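Next up: the structures, one after another.
Both of the next two complexes hold chain A, though its partner changes from chain B to chain C.
Up next, the complex of A and B:
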């Protein structure tokens, strides 16, 4: 790891240099929220944000992505041939990614890039991307990243971690991609002493007061959790909208859809949501997850139990708090995680018998 | 309105203790400022969880659809009108319900309050018509009238229209409110201006469907957006499909919408999709003299025919 100092006076100049080698993305304010968008030449990322409304996962895995085109016109030589849509996989850099969202990319990657199967769209986009993270010094009350195996200065998934000083950034160059980006930007003023970062990191971590308990999830019996008594209470308020899944940086489910206009057609990859009834409807019309409670249970069991058991890398949640703050009816994953972690089926059975 | 709390708890505990109902549907305190969580309780001890304040904007009639139990439900004016609509449309029967009526003094607009301040809101407290917003330990005083949900500001049915028991004396209804100023503004636009307005309005939509799912009117066993054999509407982010969803949803609510504002409140990105349903509400009122959910004794105008129904729109 190399540590360099970037004078803020040289920031814009560095970005200008980067524009020549990378497609740049960064946070920008739209109405009363932030989102990650493509930065035009000379445009600065707005780093005065806490976090974006939707996570930057959409830059690798767009909500709606056309992947194949075809013609149904039999006069065309290549009618009915599925042709891949060319993707721009030239180098791109995402500036201002929060550590939670970068960690989330590593979790999604567990699913999209396995020894057996690789999602080519994700893998190529990820390969082309350099993530320039921004350490979080002002976390929100809904942030609980320190208890999910992440943290406001966490480095997983990042190529560079920026730490915001008054008149400068400290930049930790974490990977070869990060080194290459710093070189392209001309950020090469070395700094020897990293002590400042340690104390800043501790101060940021101390500001995160919200937490989840997850130490016991792996030991819990899967079927006991599945049949736990609290699901109806947890699910009652749920509207079965897609807010939690769409705002989640770790939700990876998608649906393939063909659309035809006249004689030309496209195949799209669209975000899907386990909250929607259609998510599991069979072609027979049967829906194995036909009720709201089953769907809510699925979401939490996937994130907090099945994933834990399958990958042994903790929960499928980085503690960004988006679902907590945006759920229209205030269903709180922190509460559900703690309930699942502490659930004791025998005790509940006793209480019922009494 | 928080003064209703004790009475709500007392009635709910009594109903459950006396086995008059199997469950009571109400709100419990949320984990975020300006958020309460719809919940049910099924034993008297849990009645202490129930809360009432200006953050109960979600319409609880939505939670009644096709339930089989005997249910106590806490209902403000608009909830009660949607309960009436539910009964008329056979989604629940009157006999199943014990309606605990709450004279409503309006809900506060969390999107608006969030947008008013820089920084994260730690706490929002209320005392009558005073709202206190705490940010960074600093208190900011607001008048409730200035931060009401848009639908509440123009509501003329704050008192429940149907109930078994009230938690307090009825409140005075708002008079001389201009209910349709926003609709008239759009009506006055040219087609092109309307198009641009709607496009701008819907541009942040992520198609999470929180609006339709928060709506008590949206209870079709399979919503048209979920139809797959054949599929009715595209699933991507193509603006045509986004518009199709919003416009069709609104038309499904024609003559049934009570302007409860649950759709707008539920929207995670703050889209004011109420302007669509409100136009239909206005048309229902002007053409048929109809306000949804006021009576069990009359069918809504769009599922009845009368020889003198207006027909000038047929050209």
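Up next, the complex of A and C:
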């Protein structure tokens, strides 16, 4: 790891240099929220945000992505032959990624890059991407990253971590990709002492007071949790709107749909959600998760139990708090996680018997 | 990097109406590109996504056997958007196949064992693949006794009738065909699959495995019969179905607990199924 100092007076100049080597993306304000956008030449990322409304996962896994194309015109020699769509996988750099969202990319990667199968659209986009993170010094009240194995200065999934000083950024160059980006930007003023970062990190962590308990999830019996008594209560107010799954940086479920225009067509990969009844309904009309309680249970069980058991890397949640703050009926994953962590089926059974 | 979303291009080589009510058709596909058939190497019990450009994809069990070369076969029930479209396609049409997908019946484990196959209705496709595989001369000696209980509503609803009749005449496989009610010219069993299983199937023991595929109502009444016959839960092998899109474990919808039916299944033992949520 190399540590360099970027004078804020050199920031714009560095970005200009980066524009030549990378497609740049960064946060920009839209109405009363922030989102990640492609930055035009001379455009600066707006780093005065706590976090964006949606995570930057769409830069690797677009909400709607055309992956296959074909002709239906029988006069064409290759009619009805399905061909992959070529993607622009030239280098891209995402500026101002929050550490939680960067860690989320590493969790989603477990799904899309497996020993058996690789999703080439995700894998190639990830290869082409350099993540320039921005440490959080002013967390939101709904942030609970420190208890999910992440944190405001967490480095997993990042190539560079920027720490915002008054008139400068400190940049930790964490990977070869990060080194290459700093070189391209001309950011090379070395800093010897990293002590400042440690104390800043501790101060930032201390500001995060919200937490989940997850130490016991692995030991819990899967079927006991699945049959737990609290799911009806948790799901009671749910509208199945899907906001939680769309805003979640670790949600990866998708749908495949064909679209035809005249004699040509495409196949698309679209974000989908376990909150929707159509997600699982069979052609017969039978739906294995036909009630909203079953669907709410699926979302939490997947993130907090199935994923924990399958990968042994903790929960499928980085504590960004988006689903907590954006849920229209105030369903709170922190509460559900704690309930699942402390659930004792035997005790509940006794209480009913008494 | 292989792109698992891109189907192998295939041509419909033949279409056969498979049942008297015409609700099922058997499609025979040949690969357009040299080498794709080899890449599609599969085992009995696996499935594939039949991919119709502009319409969509549908996961269907592979009905042909790996010992049959030069084509792949699927028997498809007309049910939804893609299968209805498929039923209206004609010989010579071009479409795609992705796969093979999922696991298969555990042929290594089944080596040297007696096999009981219980099938109902049109859930006989991967069972046909399995029987053809086991009856192949070079494979037959690798397995013990083979018993097959196969039931349908009427004689005309049984799939692969010519083959069933041929197997009925062999002495290295015990066929127990049955239909729901008596019918003219029917010379085999009459009755639902579960009671016929109880009557005809061999006793379960360490060296006997049951492979069961059929409609939910048949499964429901067959499992207690198998338990009664002495089949342990880890000796009862089943194949699950769920709504699927990708077919290789990424799109997330076919999960039953931490298992994905498309990639960790579709073949599970009853023992495994009992440890997962019943979300199929």
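Here are some notes:
In this section, the second predicted complex is superposed on the first by the 354 of 354 C-alpha atoms of A that agree within 3 Å, B and C clash if a C-alpha of one lies under 4 Å from a C-alpha of the other, contacts with A are read in each partner's own complex, and residues count from 1 in each chain.
Note that in this section contacts are C-beta pairs under 8 Å (C-beta built on N, C-alpha and C of every residue); 3 or more make two chains touch, one makes a residue touch a chain.
Just so we're clear, the structure is a prediction, and the values are computed from it rather than from any experiment.
Superposition model on chain A: chain B and chain C are shown accommodated side by side without a clash.
Taking the C-alpha centre of chain A as the vertex, the lines to the centres of chain B and chain C open to an angle of 90 degrees, rounded to the nearest 10. In the superposition on chain A, A:81 makes contact with chain C only, while chain B stays out of contact range.
By the document's definition of touching, both partners, chain B and chain C, reach A:257. In the overlay built on the shared chain, the residue A:281 is in contact with chain B and with chain C.
Contacts of A:291 after superposition on the shared chain: neither chain B nor chain C is touched. Once chain A of one complex is fitted onto chain A of the other, the partner contacts of A:229 are absent, as it touches neither chain B nor chain C.
Look at A:240: by the touch rule set out above, it reaches chain B but stays clear of chain C. Of the two partner chains placed by the overlay, only chain B lies in contact with A:142; chain C stays clear of it.
In the superposition on chain A, A:67 makes contact with chain C only, while chain B stays out of contact range.
For the pair chain B and chain C, the model built by superposing on chain A gives 5 Å as the shortest CA-CA distance.
Taken together, the two structures place residues 255, 257, 281 of chain A in contact with chain B in one case and with chain C in the other. For chain C in complex with chain A, the touching residues are 1-7, 9, 32, 51, 53-57, 79-80, 83, 93-96, 241-243, 245-246, 248-258, 263, 275-280.
Of all residues in chain B, only 30-32, 35-40, 58, 62-63, 111, 114-115, 120, 122, 204, 206-210, 213-214, 222, 226, 228, 234-238, 265-270 touch chain A in the complex they form.
By the touch criterion stated above, chain A contacts chain B in their complex at residues 30-33, 50, 53-54, 63-64, 140-142, 233, 236-237, 239-243, 246-247, 255, 257, 259, 268, 270, 273, 276-278, 281, 324-332, 334-335.
Those residues of chain A that touch chain C in the complex are listed here as 67-68, 70, 72, 79-84, 111-112, 114, 116-120, 123-124, 222-223, 226, 252-258, 260, 265, 267, 269, 272, 274, 279-284, 288-289, 294, 298, 301-302, 305-307, 309-310.
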